[in-house]
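In the two complexes that follow, subunit A is the common piece, with subunit B as its partner first and subunit C second.
Moving on, here comes the complex of A and B:
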């Protein structure tokens, strides 16, 4: 039989470019990648099993710890699921505060994803600039919620803390600063000739391929699919949210789309702050029995929780589906095959922003 | 030659030389709004066990009696710094970041009700739960090791060879019984509700 594959090259699970362990096995002929396979399962934690039999005040913290980068959306989707199960209404002010914290979390997550990409293509200067900007977003979150990573901000029927006037002023100052900085870095990224050689036309995911692989989030939106779960969220509807879409489907489009979404998030926070109604932040209400599927748009795409609870509000069964698994699939089957240089394998994999901790929870 | 001039012009500036000689990173300070590990205020603890009831981390908080005075003890390796105990404490014994002050300003609180569920197929009537219960101990200090009692004011006791819950309303949700049960037969469901503008109690 004719040998078509020269070398099978494994990358990872411990790789300097990746923040979390995963193994990408590439079948190559020369430098060209013919096929790829992603091997997961290096950090299974079994969080869903630990959640069973516990009330919301314990599951909330476990849900946050599914993913360290997008902890707010896990908190939000779980709590909205519990509210849907028990018929709890959220006060308007609390709903707006939730959106503010969620969008701040999206800003820091996208900045981290873009940092990670710039670091992978060895543009460390831009990477460090982005990481420095992310610190300011983390400070905003810390000022509102009291913690940087695991905020535990939302509870059934509202949020835990109100937004104070001086914190609001500081938030606006910080947002302006972030906007100026990210604007500069976006231009640097967009116009950099060396960055263009590593990003434009590399790792292309066409619209049909994205549909076949069920890609979600920025990966799908960079391939021309205008899908966003925020479109169905009542608070985002009030804010006239419309998703950003790019048509190219390459590395450059995915990173630029995330930069675009940072500006969009800043705009959403500004709109929330100007529309922020007065009133209570907690409406009360106890959790009860029921079964639901709750959805939300994580920074990486659609996140869904299947929740089954008993009459005392304890979790009987829970299943989490995180966005990264579909994006990893799209990456394995469509982005990586055809990549002409092995050096681009890492950058293509990172450009899909795979969150392994989310995936394996 | 031009580059030499450029370098001279760039680096022979007072701000640059000053920055070069006296470069110093700002000291790392914990900001006042950071939710630190809960610390004790001067308020006296009434050992209502609200903090134990709400704590999501196993083994993070205990309420102990030393020299006649009760006080909560935070185990730092277990604490998540979620700040729920600070919010749940009706007296304000604990403090963390700005939570206590904000709670007083916003009049936010948590209200909890409890349900004690015993799996009778697992329960072997040892009475450990009844003896370990701190509320039982106050109601009936003489409760025997088997969990038998002639007092009907206790939360639960072993009566007629069966675990009997009498006063579920007196439960404070501290989950001491869950820890004392050798068979994991007893579970206390804590139904928690976040409130605002309602008087505590």
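Moving on, here comes the complex of A and C:
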């Protein structure tokens, strides 16, 4: 870092407010942050290198281990990529079940992100309420997929488990409970006067800045960019999906947008359940050779996989672009400079929902 | 201690830059500057932090799509690319180089020739 003043304050790599290790160095004048930069390398897995040369059956499990918080979308994007390469069709019922599980994963991820933010601004009551609510979403995922973190629910040509009638009834009950709880917490967050002092007008990312850093997901949509990969997904198009957008670009907008997307995800699951067609959940097929770029909307934004496979379905080359790469860049180089209190650095950083595991892969 | 840590990051930064997506972007940027790939990598490693490097391909793609759309000379020289998308030079330095290029065009030198000279001047300014 080029020093323009003599005070450089490092935050991390181990910091109580952060879920994962990263070092953020802030150049400050008094309390005001002039510039910030990130140092990585504390949890590099080299997972793309590990994937190369392995059969798809192994890469399926490795893909969801890129990130423990949004493992479903990694599974989904990789499998959809292999299906595109190999010309494998997915039965309608399986396509709807994929959306249900993906949206449940989004709900738990957004609840965790908002928990982290509330914990960072030291509103522990709301934080713990949100974490408790997330447990119910995790229970729903466990009931459908059999696991809480690494589920490997999606396979080429379908999904591994069908939705049983009693699980469907339990899911509807849990969704109603989550909706009521989140509705209460959203009002608490939106109207809390002390929360407003830590969120409104803090960590602003303008639309132009978001475009320069190629910010994605809720971080971009809270700055007025109406982009969402789900708009191009065939199953989501059947569900008349439309992204939520806010214009403020501050901490408050990002957190409120995630709350809004939780309600949206609940609505999408309800629509899937009401339209869920009868039929098989696995179509079958053989993974073969080809090259593709597969995209999906992770809870944090656009996730893309470049996949090159051989005729036996082995992964010859793979490159993963996770949303946190763009969002942490936007946060560090646009949101943090100009922050007027060092106490806001952690909250601004957490408001972008940074995932270092995704970032470093 | 700080200096040793900064030095230790070089290899990590290098590994980010040689991944396939980043390598394509670096080669394209080197082409714009008329500079070798390895000197450009060194320049990027010295001037940008790890997160800029991680997102280098994304930022370059955004510039290709949205940046410097109004003025062909700005586009040829990558005015916004090198001041905003990949901030390697400050705006005043870039404006100076562009002003020289515009003066050359007004003096009757063909625009392509003026852009080539300006790029060489920019590469000179940027050279580590």
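The rule we apply is simple: the second predicted complex is superposed on the first by the 356 of 361 C-alpha atoms of A that agree within 3 Å, B and C clash if a C-alpha of one lies under 4 Å from a C-alpha of the other, contacts with A are read in each partner's own complex, and residues count from 1 in each chain.
Note that a residue touches a chain if its C-beta (ideal position, glycine included) is under 8 Å from a C-beta of that chain, and two chains touch if they have at least 3 such contacts.
For clarity, every value in this text was computed on a predicted model and none was experimentally measured.
Peer 1: With the two complexes overlaid on their shared chain, look at subunit A and say whether subunit B and subunit C clash or fit.
Peer 2: Partners fit side by side after overlay.
Peer 1: Can A:55 be said to touch subunit B (first), subunit C (second), both, or neither?
Peer 2: first
Peer 1: For the superposed arrangement, I'd like the angle with vertex at the C-alpha centre of subunit A and ends at subunit B and subunit C, nearest 10 degrees.
Peer 2: Between the subunit B and subunit C centres, as viewed from subunit A, the angle is 110 degrees.
Peer 1: So, A:13: does it touch subunit B (first), subunit C (second), both, or neither?
Peer 2: neither
Peer 1: If you count the residues of subunit A that each partner touches, which comes out higher, subunit B or subunit C?
Peer 2: B
Peer 1: With both complexes superposed on chain A, which partner does A:147 reach: first (subunit B), second (subunit C), both or neither?
Peer 2: It touches subunit B, and subunit C stays clear.
Peer 1: Which partner chains sit in contact with A:213 here, subunit B, subunit C, both or neither? Use first/second/both/neither.
Peer 2: A:213 contacts subunit C only, not subunit B.
Peer 1: According to the stated criteria, A:326 is in contact with first (subunit B), second (subunit C), both, or neither; which is it?
Peer 2: Once the two structures are laid over each other on A, A:326 reaches subunit C alone.
Peer 1: Go through the superposed model and pick first if A:267 touches only subunit B, second if only subunit C, both, or neither.
Peer 2: neither
Peer 1: Using the touch definition from the top, say if A:284 reaches subunit B (first), subunit C (second), both or neither.
Peer 2: A:284 contacts subunit B only, not subunit C.
Peer 1: Once the structures are superposed on A, label A:155 by its partner contacts, choosing first (subunit B), second (subunit C), both or neither.
Peer 2: After superposition on chain A, A:155 lies in contact with subunit B alone.
Peer 1: Once both structures are aligned on chain A, how many angstrom separate the closest C-alpha atoms of subunit B and subunit C?
Peer 2: 26
Peer 1: Could you pull out which residues of subunit A sit against subunit B in one structure and against subunit C in the other?
Peer 2: In subunit A, no position sits in both the subunit B and subunit C interfaces.
Peer 1: In the complex formed with subunit A, which residues of subunit B make contact?
Peer 2: 31, 33-35, 54, 56-57, 80-84, 87, 96-99, 102, 106, 108, 111, 113, 115, 187, 189-198
Peer 1: Which residues of subunit A touch subunit C in the complex?
Peer 2: Checking each residue of subunit A against subunit C gives 1, 37-41, 44, 48, 211-214, 306, 317, 319, 321, 325-326, 328-329, 332-333, 359.
Peer 1: What part of subunit A is in contact with subunit B in the complex they form?
Peer 2: Checking each residue of subunit A against subunit B gives 53, 55-58, 60-61, 139, 142-143, 146-147, 150, 152, 155-158, 160-162, 164, 280-287, 312-314.
Peer 1: Report the residues of subunit C in contact with subunit A in the complex, numbered from low to high.
Peer 2: 5, 9, 12, 19-21, 49-52, 54-55, 57-59, 61-62, 66, 84-85
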